[in-house]
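After the structure tokens below, expect a handful of questions from me.
Chain lettering (A, B, C and D) follows the sequence in which the chains are written, and residue indices restart at 1 in each chain.
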Amino acid sequence: MKHKHKFYAINEAISQIKQGSRVMVGGFGLRGYPDVLVEALAESGINDLTIISNDLGSPGIGLGKLLSNGQIKKLIGNYYNWNPDVAQAYNEGIIDVTLVPQGTFAEAIRAAGVGIPAFYTATSVGTELASNKEIREFSEKSYVLERAISADVALLKAYKADKLGNLIYYKTARNFNPVMAMAAKLVIVQVDEIVESGELNSESIVTPHIFVDILVKKE
Amino acid sequence: MINISKEEAKNRIAKRIAQEFNVTKDIVFINLGVGIPTMVANYINNENVFIQAENGILGVGPLAEGDDIDFQLINAGRQPVTERKGCSYFDSSVSFGMIRGGHIDVTVIGAFEVDGEGNIANWIIPNGKQLGVGGAMDLVSGAGKVIIAMQHNGKDGKRKIKKSCTLPITGFQEADMVVTEWAVFSLYQGRLVLQEIASDITLDELKSRTEAEFKISDNLIEFKT
Amino acid sequence: MKHKHKFYAINEAISQIKQGSRVMVGGFGLRGYPDVLVEALAESGINDLTIISNDLGSPGIGLGKLLSNGQIKKLIGNYYNWNPDVAQAYNEGIIDVTLVPQGTFAEAIRAAGVGIPAFYTATSVGTELASNKEIREFSEKSYVLERAISADVALLKAYKADKLGNLIYYKTARNFNPVMAMAAKLVIVQVDEIVESGELNSESIVTPHIFVDILVKKE
Amino acid sequence: MINISKEEAKNRIAKRIAQEFNVTKDIVFINLGVGIPTMVANYINNENVFIQAENGILGVGPLAEGDDIDFQLINAGRQPVTERKGCSYFDSSVSFGMIRGGHIDVTVIGAFEVDGEGNIANWIIPNGKQLGVGGAMDLVSGAGKVIIAMQHNGKDGKRKIKKSCTLPITGFQEADMVVTEWAVFSLYQGRLVLQEIASDITLDELKSRTEAEFKISDNLIEFKT
């Protein structure tokens, strides 16, 4: 069930996030991440957050700002090489970090969205990232059991929405946004443009409005 | 023993279930099974309700007629349908991702039998003329709420609301509401509770037509359509 | 690796199917199934086939013809109520049938395509279709382990292809076609129209050409 | 001890790997890691080769320059790129579905270390300044063929082709080919085999710069770019 009125002001949308929330954030290397929402989250000072994202932007930029601000308790993601603050904070014991291979990360988020609690993959078998995980053979090949990754809130970026909340994306800014839209209890999407319902091609809608709770238009 | 025509029975059930959807001010996503459930759509007059069909569309419009028929645009019962504004298409894995992932608020589905614990049998009659499960198990397990739409009794008066299902089960304790032409039951903590009874049947007759025992709600009201 | 020359005559395409092949066929209730390819397969007389499909058309129509012809050894699918010949052949012991709930069926095909050998789902737990399957609890809820479903050949239907083999579909004729395109060793697609490479919108391509081996244009 | 500049070394490696792709008449799908692997694209001149980037594009064109730059169109190394005709976009789960599902024919990837059994270490230096795994584990496990592109030795001559990897492993026995500025090795049944050697290095010097033992191919040829 979704509220009929989907259009929120930025701060109204961000106020849905609570101390200690698990927050998924779309984007890959500062492309396709909801810059306005992340900025507002940084300004909100809400802390103790678990951030589930591909990367953490750059030092002090994008999601990097949440780390500089001390708002992060834990990270679940896969590639923090673009932001060395993460390794430093982790090595100093300031934050907890769970690394998940990028493909497993994407699949585990989708899994949460489609009601799959766990699945097997060959990725990471025999590596440190599979230690303490169950290994099992199918047809004489080894696989590791991976659990779904869900969130309380997703902060996403799309190109256009229609008034119902159907979404399309732009080029490689699509990345993790469509899977995260399925996997969070509350889905907040920053969009560049909102069009009338029926103006997006039905065959080309990437995220149907069933997955979208709140739209915030970038001013 | 009173009776109404099969057609009237079906319409009564469809109309009553549609009431569930005609009051919501929130956006609600529903999936309608074949048969009586599909008829529910005819009585929904609330633009906040969006119908998903598991063959890959969200935003099913009314059944298509005449020139509007596009044979490549069907619902899961193979009926030609129309599009609502803002409808979208997707493949079967995404469609059942919506269902299994808990994004569909309500499914309305037919049944051969339902029992006092909310178990549903609607997919197969062993060694029968049909072999198929379709999306029934995914729907009863994945949807937020399961409404059973079925005639109260089968051929020759066979009682379909059983003490315990005799046919192979589709889902355990998944039914949340059962609507027949005579009554509306809810299932609460694995117990069947009569919520509404039609004016043209007595409680005794209803009991005689129902194998399962049921509790009577303190707020029992008349079944109106 | 894909052959550069993707355009095959119908019979040349069908000759890739061998006796005993596992063949996936797209479509739902006679919509979005590759009628010309299925017709050619029926005429070929190739037998001992395992057919993996949502349904089996109607009696003597579409895939139903393969059954009438005695070409089928086994079915893996979910809804044969539209073709009572299936129940009859099964009850008489002429064919083997494995029923999989429709959502599990779709997911298991996708799983094969994306390298997931098995996954857990709540669908069918406690029913006959989960008997003899592993049941496991995650967060105090029971799930059944389901295995991926792959094939030797997929026979699919799309609306338009470009010359590379990128595909788009038409309305509810999409159904199982995109997931089956990922899950078979050889993917043969019947299309209504072939356009120049670059003429399909890059954002709207549903099946990228990496998943397509052979295109057959419906004459 | 001979040496070539870092730039020359990298270009040599990239050019040699590109040769692998400049002869195919079939359609080949490849994924290029960051660093030297990305440079491989500069030397591929075969329209049958399609580059996938794991952030969600199939059909990556040359790096974008000047007015062609679109900051929303990048490869997995965050470089602005262009589109090839017939390119397509998809989400990360589909992208890694291609990789994990075995649809990517070849991945070219850098490494900190590779060893004589084909084990690859390229994702982390413990307690270092970087923390990340990216798509490396998915790629080495899922791609049909894994080509390692790396300079033969590290800073101060450190040997990177090891008897046994000392850093955390990315994938076990996944390397199929190792290309450095001095040599091309194949891995066959868990054994490292020298296939090509550059004209400006002797076999003895190559051995001294390589910790792992290796077999010499009966068909050893000169490494040419």
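Criterion: a contact is a pair of C-beta atoms (placed from the backbone, for glycine too) under 8 Å apart; a residue touches a chain by one contact, two chains touch by 3 or more.
No experiment lies behind these values; they were computed from the predicted model shown.
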item	value
Of A-B and B-C, whichever chain pair has more C-beta contact pairs	B-C
Chain centre separation (subunit C, subunit D; CA means) in Å	36
Length of the line joining the C-alpha centres of subunit A and subunit D, rounded to whole Å	29
Subunit C residues counted as touching two or more neighbouring chains	107, 110, 114-116, 121-122, 169-171, 202-203, 206
In subunit B, residues with contacts to at least two other chains	89-90, 93, 96-97, 99-100, 142
Pairs of chains, among all present, that meet the touch criterion	A-B, A-C, A-D, B-C, C-D
Residues on subunit A engaged by subunit B in the complex (per definition of touch)	1-4, 110, 112-116, 162-164, 166, 182, 197-198, 200, 202-203, 205, 208-211
Parts of subunit D lying in touch with subunit C, wherever the complex brings them together	24-29, 48, 50, 52, 58-59, 83, 85-90, 93, 96-105, 142, 144
Sites on subunit B touched by subunit C in the complex	53-57, 70-74, 76, 78, 89-93, 95-97, 99-100, 127-138, 141-142, 168-172
Subunit C - residues contacting subunit A, complex	107, 111, 114-122, 138-139, 141, 143, 147, 168-171, 201-204, 206
Complex contacts: residues of subunit A adjacent to subunit D	28-32, 54-55, 78-82, 84, 86-88, 90-91, 97, 99-107, 109-110, 121-129, 169-179, 206
